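As written, the chains take the letters A, B, C and D, and residue 1 is the first residue of each chain.
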C-alpha cells in the first residue's frame, strides 16, 4: 500500500495496552476485545489493515450503529411483539404501517443528545435533518415532526454548573431555535413533543426527534440494492470534515473536554439543500426509477454502502475520488466515514440512470455516480485506481453483541400518611407554574405547525389567543380522504426514575389515553430509549426493567413497536440522565371532523371523571411540591386501559362527549384547570367522600387510565358507561369564571381562572423572555 | 360566466391556468396548488428556472415558505431572481390586469419586488415586511377583518366587515412604509384589504396583531386591485368556515370569478 | 486569480426600532445583566471576489446591495475594502 | 450615568460550513455576480452599557457572550470597545 493516496497501513501487532491506546487515539472507541478480533481477522488474511478499514470497523461496531448492548434485550421484549397492521418493522430506517388500502404511513424516532449538548442549535437541527431522511428513504413524504426535549432546571444557579457543561437555558434556547429554523424551513409541521426539566438532565440533555410520513404502498422502497448492475448514486450535500466520528461520540460518556475535542462531530444543518433533495428523491421514486434508497446518517458512506449491498445479498465497489467534497485536503478515510448532512444514496439500474440524473439536475441538487454492485459479498474501495479497502461485508456488519450485566436496584416504596396541607390554592398555583406543567407556548408557537395545510388539531387549541394544551395532534395526510393520523408522545422521567418498570408502563398508558382523548384509535408505537452507561450494571438494570415494563404494558394492546432507537451513555461525571424511554404513538381517526378537543365548550355542561383513582403518589408532582420522597408508583392495567378507551371512543362516535383531556402530571385538578384555559369558562367541582383518600389527595393523584370529560347529555352517557362497566364519577359542571373545588361544603380550591392561566402562561416566559 | 365571452369563446374553469411559482425553500406550493385544484382549475407548480412565459397562465401565485432560506431578508432572494428573469413581462402581465397573489413569503416577495404597495412602477422595494416586534417566528390563529371596499379582486366574494379566522405563521410580517403619508394613501386608495382584529372585531394589540403591524394591516393590494398580498394563510383555513360560512376558499373563488369575467 | 475582500455592513435606519436588539436586551437583563442600556444588531457580509480594480469591485458590490442585500426602506449600509 | 459602547463581532469558526453564506453566494451568482469566491455572514452586537471601568465592562460582555450570544464550539468572536 502506498502512502501516495494518503492511505496508511495500521500495524495491529501490538501488545494489549497499545491496542487499546490505538483505538482511542484514532477515535473509534473500540474495546480491547473488539480490537483483538479485528487483529485476528487481519492475521488470518495475512496482512495489516489500512486506516480506512480500521475506521470503517470502528463505525460499524459502535453502540450507535450495531446496538451491541441493547439488542439482546430488545429482541426478547420489544421486537417479538406483533401487530397485523405493521408492514415493515425495525429492519429498515423507519417503521411502515398500513394507513388504508392504498397508503401506508412511516414513522421514526431518534435521539440527537450528544451533539445537542455540545452545540444545541446545530445538534438539534441536524437531528431533524436526520429523521427526515429516515422517512424519505422509505419513499414517504414527511407530514409531521415531533420533538421531545429534556433539560436541567432553567433556574440552576451558574455557580452550580459543572465544568464544561452549558447552562440548561442556553441549551433549551439553542435546541428550540435549531428545531424551529430547520423544521420551518423545510416546511414540515412540528406538531407534537414534550418539554421536561429535571436536574438529572443538566449535563446530559436529551433531544429526541420523530417524524411521520405518508407513502403510497406501491411507492415503498427499501434500503438495499435490488440486483446486480445496480449503480450507487450519491445525491445531496457535499462531503466534508464535519461530522467525523459522530457515532463514536454518541457512544461514549460526555466529559469536560467534549466541547473542544468533539468539534468535528458537530454540524450546522442546511435545510435549503434538504428541501429540494426531498422533492427530487420523492419524484425519482414515484417515477419508479429507483431500486433502493438509504440516507447517509451515522457512519456515513462506510455504513450505507456496506449495509445496502449486504441487505440485497451483494457486495459493492466504490470509487472514492468521485465523491463531491466540500474541502480539498480530505484523507480517504475521512471521506469514507464523514457524516456530513443532507446526503442520500440511491441504487439505480443502468437504464434509469440518465433520467435520475436529469431530475436531480432540475432541482439543482448534486448528483454523482460513485460505484456499483458486485456479486461477491465484499466491499471494495478504490481511490484513483488504487484499491485501499477490501473487506467481507459479513465481518463488517456482524458487530459484537453483549449480554451486559444487569443489576436491579431495589426501590422501596411505601404508602405514607401525610398531613393535610392548609392552603391547597397555593399548592395548585405552584403546580400550575411548575415548568413541567406550565404552558409550552414559548416553544410550540415558534414552530410552524400548520404548514402543509393539513394540520387538523394543533398542539395548543382554544379560543384564538387562549389555549388549552391538547393531548395529541391530528394531521390529515391524504388530500382526498378525511382520515387522519393522530400523534402523541409521552414520558414522565420522574415516574421512570422512581420506578423504571411502572414508569415505563405508565408512559404507554399515557400515550394511549392521549390518542383516545382526541378521538383516535391507537395504532402503532415507536420508542427512543435514552439511558446511561450500559457498562454499569445498575444503569443497565434500569434499562432492563424499563424494557420489561414496556413489554408488559403493550402486549395486550394489539399494537406494537414498529420503530425505535436506543441511546446509551447519556452520562457524565456527575451521573446519568434519568432513565428516559420516550414513547411516540400514532393513532387513526376515521374522520378528522369528529375530533375532540380539550378546552371546555359550554357553560352548564357536566364534568365527569372516568377511571379509577388510587393512592398512587410515588414520583408525583404533588409529593415533589410537598417535598415527600415516598409513595407507591402508579400501576397500570392494560385490560382496563383498552376497555375504558373503547367505551370512550364509542361514545365519542355518538357525539356525547364535548371535550376530553387525560389526567397526567398534577392529576385531576391540573387537568380541569387546563381545560378552562382555552375558553372563557370556569368549573365547579363538588366531590363526594372518597374511601381511603382525602380530597386533596384525590385531586392530585396521578393514577393511570383516567380522563376528564365534558358531557351535555348525562343520562345517555351514564347509561352507556354503566352498561360497559366503566368506573366513572360526575364531579361537577362548567360554570362561572373560577375554578372551585369543594367536598361536602368544605372549599379546597377557589381561584379565578384568569389568575391560574397567567401563572401557567408566564412560567417559562419569565425565564426565557 | 356571462361576462367575458369574446368571440364566442370563454374560459372554462378547467381552462384557467394558475402558475404556482417556486424556488428552493418555497414550501407551501402544494397547499396552494390544492386550493386551486379543488375549485376545478388547472394549477401548475412551476420552478422559476423552468418558467417559459408568464403569459401561458391566467394567474400568478407566489406561495409561502422560506424561499432560498429567507437568508438576507424574507423573500429578497426570490424577488431578485424574479426581477432578473422577467421584470418587464411581469409588469406587462400586471398592467393587462392579470391577477398576481402572494401569501406570507409570497407577500414578502411582492413587497421586495416593489409591486406592493406599487404606488408607481419601481424596481426596488418601497415597503418592508419587517421582523415581528416579538422578534420571533410565531405560528398562531389570527382574526382578520375584511376591509376592501371592492377594489381587491382577490376578496370580492367576501362581504366587507366580515371576520374570519386564518392561521398566521411568520417571523417577518410587520408592514413598514417609508412615510406616514404612505399609509394615508393606502387607505384612501382602498388598498388595505385585511386587518387583524380581536373577537369583538376591534383593532387590538399583540397577540391579536401577531407582528404589531402598523394599523393592524395584514394584507394589501396595489392601486389597480389585481396584485394582492397577505401574511396569514387562507389556504390553511380552506375548510374552516366562520359563522357566515366564509372560509379561506373565498379568496381563491374570488380571483377565479374575476378571471372568468375578465 | 487574485481575490479582494469587501465588507458590507448593514444596519437599521434611524427611527426604525430593532425588535431583535430589544429582545436580546430583555433576555440579557433576565440573565442579570442590569447595566445594559441599548443593543443594536448589525449584519455584515464579507465578500471575497476576483478582480483587481478596487473601484470597479466597489461598484459591483454596490450593485449587489441594491439588487439583494439591502432594503432602502429600512437599511443603511457601508461598503469597505478589507486589506 | 455614563455609557460605554462595546462591539461584539461573531462569525463561524473555520471548518464549520455556513449554509447562510453558501446560499447567498449561490443566489448572487444566479443574479450574474460571477466573480464571487466566498461570502461570510457575520453578526455584530453593539452594546451600550453603564460603567466606567473598561476592564470590568469587557469582562461583563465576555459573560454575556458565554451566556447568550455565542457558542464557542462553532463561533469565533471579538469584543472591542468603541470610542
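To be clear about the criterion, a residue touches a chain if its C-beta (ideal position, glycine included) is under 8 Å from a C-beta of that chain, and two chains touch if they have at least 3 such contacts.
Please read all numbers here as calculations on a predicted model, not as lab measurements.
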_Of A-D and A-C, pair with higher C-beta contact tally_ = A-D
*CA centre of chain C versus CA centre of chain D: separation in Å?*
11
*Using the average of all C-alpha atoms in each chain as its centre, how far is it in Å between chain A and chain C?*
39
*asked:* Can you work out the whole-Å distance between the CA centroids of chain A and chain D?
replied: 34
*Compute the distance, rounded to whole Å, between the mean C-alpha positions of chain B and chain C.*
30
*Return the residues of chain C touching two or more other chains; collapse runs of consecutive numbers into ranges.*
23, 27, 31, 67-68
_Counting only residues that touch at least two other chains, what does the list for chain A look like?_
271-272
*Find every residue in chain B that makes contact with two or more other chains and list them.*
68-69, 71-72, 77, 80, 84, 136
_Which label fits the chain touch graph of this model best, line, ring, star, complete or other?_
complete
*Residue ranges of chain C touching chain D (in the complex, touch as defined)*: 3, 21, 24, 27-28, 31, 33, 35-51, 60, 63-64, 67-68
_Complex interface listing, chain C residues touching chain B_ = 16-17, 19-20, 22-23, 66-69, 71-74
*Name, in rising order, each residue of chain B that touches chain C in their complex.*
72-73, 76-77, 80, 83-84, 112, 124-128, 130-136, 176-178
_chain A-facing residues of chain C, complex_ = 23, 26-27, 29-31
*Interfacial residue positions of chain D with respect to chain B in the complex*: 19-20, 23-24, 27, 30-32, 41
